[in-house]
Amino acid sequence: MTLKMSVDDLARFMSAEFPQVADDFVVEDLRPMHLTIRLKIGAQHLRPGGTVSGPAIFALADVGMYLAVLAMIGPQALAVTTNCSLDFMRKPAAGADLIADIRFLKLGRVLAVGDAMIRSDGADEVAARASLTYAIPPALRGRKG
Amino acid sequence: MTLKMSVDDLARFMSAEFPQVADDFVVEDLRPMHLTIRLKIGAQHLRPGGTVSGPAIFALADVGMYLAVLAMIGPQALAVTTNCSLDFMRKPAAGADLIADIRFLKLGRVLAVGDAMIRSDGADEVAARASLTYAIPPALRGRKG
Amino acid sequence: MTLKMSVDDLARFMSAEFPQVADDFVVEDLRPMHLTIRLKIGAQHLRPGGTVSGPAIFALADVGMYLAVLAMIGPQALAVTTNCSLDFMRKPAAGADLIADIRFLKLGRVLAVGDAMIRSDGADEVAARASLTYAIPPALRGRKG
Amino acid sequence: MTLKMSVDDLARFMSAEFPQVADDFVVEDLRPMHLTIRLKIGAQHLRPGGTVSGPAIFALADVGMYLAVLAMIGPQALAVTTNCSLDFMRKPAAGADLIADIRFLKLGRVLAVGDAMIRSDGADEVAARASLTYAIPPALRGRKG
């Protein structure tokens, strides 16, 4: 399988479609079926004590998987999350960005399934893991048929 | 099982511990093992087209379950989410608040398990459902023994 | 939404398609979007100490949701489980059958989402809860269009 | 972290504690925080058409994670599954054994979290993936303190 969008394409897509959060995210690596994305931690992502909030961790996994799907199927903004299961295992390091490694386990006609391993920048151990399923809309499926 | 905190106690706790988001949430009903909470939708929760963002839905489920745990075990800010599995089923109505009904399925010494049914205000159908597990820290467990 | 199969239809379907396990299950109640099913516990479902095995609990949730889908869309054996998330909360009572209450949260063209609350026969508290997603195959979707 | 049980220890444990299913499973590799296990497919694991049943896939993931936990904490039969989330992605090959690769993401004092990637023997692609959480009982936690 080949990529239909580049890292630059994804950045332009984010800026155009999600301007309110586009600056928070940087795609750091992109290969077929894999994507690495950084959440640049700002005050809006933190909870008292410097912990990264749960919604920020969810957002990182969800945006990362979404961009990974787009990179594989093309720049349509219509794929939708149907399930996201998150395990929170360790408190992220205070003050460090979060890095998510996304990989696909399946990229089917109807469903894309993947997971995200999320670590504090520089850490070995996983802070959180997400399993995500995206539904690919019929219009796109038709176009691929 | 009896409640250790009232709706007002929960509101004061949120304002003191999570001032940056406390105004977004209103606990509307609280009974043993059940809690109903409203997310007052603002611009920060929306995506293009008026859809409520995934992170906002996650936050509603997570805050609601957290407050439900506190209401049962008392005002300690230490319980932590260990798992949250979200199914996204329908796009929330544009411009409507979201309401989550939280109920416990288990409130054990170590783990609390519950679910959240999330609807747009006024809607019958569920927009999203979350299953959540919280770990109750040892200090609290000890105090209960 | 109306039912396309009756309790008797479901029993005949199970006997024809899944003869090796059909006798283990009894549909006890069926209404649009709801189904109640009993697992008749036998030696093959038990672990040492009389506990019902995890695979037997999974099977109950999965068969129950499958039959609930069929009851709604008709007797096609092609719907497939795409996700099942199980929370195990309490040890089932030794020697008691298990009862699962299945309800749909969404019955869409592509995906059906529901949950199963599983109790020992006669018990109030939930032993296990499952969230399930089934994919409805294109052939059926086409027929419904 | 070092192993407290060997492959042979695990096989003896299974034969003693779970004689009814011990012969179905073979641990093929064991390293700290990783375990590979084979399900020897027999008629009891199959559904019409030669598909491996969902409960058999669940059992493989659950037994594999259980043995992986025991290998790390020692031969106590008390660790219990609290959550298992399964994604079913591809139909397993008819007539082939299933192989699960288990790895830990966290082995804490209270909870062990891991995942299982399940493939048909000889296949590259993942047929199913499970995320599992086990609770480690207080007696064992006390002994480790």
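Letters A, B, C and D mark the chains in the order given here, with residues in each chain numbered from 1 onward.
In this section, a residue touches a chain if its C-beta (ideal position, glycine included) is under 8 Å from a C-beta of that chain, and two chains touch if they have at least 3 such contacts.
Note that the structure is a prediction, hence the values are computed from the model and not measured.
Peer 1: Between A-B and A-D, which chain pair is linked by more C-beta pairs in contact?
Peer 2: Between the chain pairs A-B and A-D, A-B carries more contacts.
Peer 1: Taking all residue numbers at the chain B/chain C interface, are over half used by both copies (same) or under half (different)?
Peer 2: Same, since over half the interface numbering is common to both chains.
Peer 1: Taking the mean of the C-alpha atoms as each chain's centre, how many Å separate chain A from chain C?
Peer 2: That gives a centre separation of 33 Å.
Peer 1: Please tell me the distance, in whole Å, between the geometric centres of chain A and chain D computed from their C-alpha atoms.
Peer 2: Chain centres of chain A and chain D, defined by C-alpha means, are spaced 29 Å apart.
Peer 1: Can you give the whole-Å distance between the Cα centres of chain A and chain B?
Peer 2: Whole-Å distance between the two chain centres: 24.
Peer 1: Residues touching two or more other chains, restricted to chain B: which are they?
Peer 2: Touching at least two other chains: 82-83, 85, 87, 89, 133.
Peer 1: Please give the residue numbers of chain D that touch chain A in the complex, ascending.
Peer 2: For this pair, the touching residues of chain D are 85, 87, 89-90, 105-106, 108, 113, 115, 125-126, 129, 131, 133.
Peer 1: Could you please specify the touching residues of chain C with respect to chain A in the complex?
Peer 2: Interface residues on the chain C side: 82-83, 85, 110-111, 133, 135, 138.
Peer 1: Where on chain A does chain B make contact in their complex?
Peer 2: Its residues touching chain B are 17-18, 20, 44, 47-48, 53-56, 58-59, 62, 80-89.
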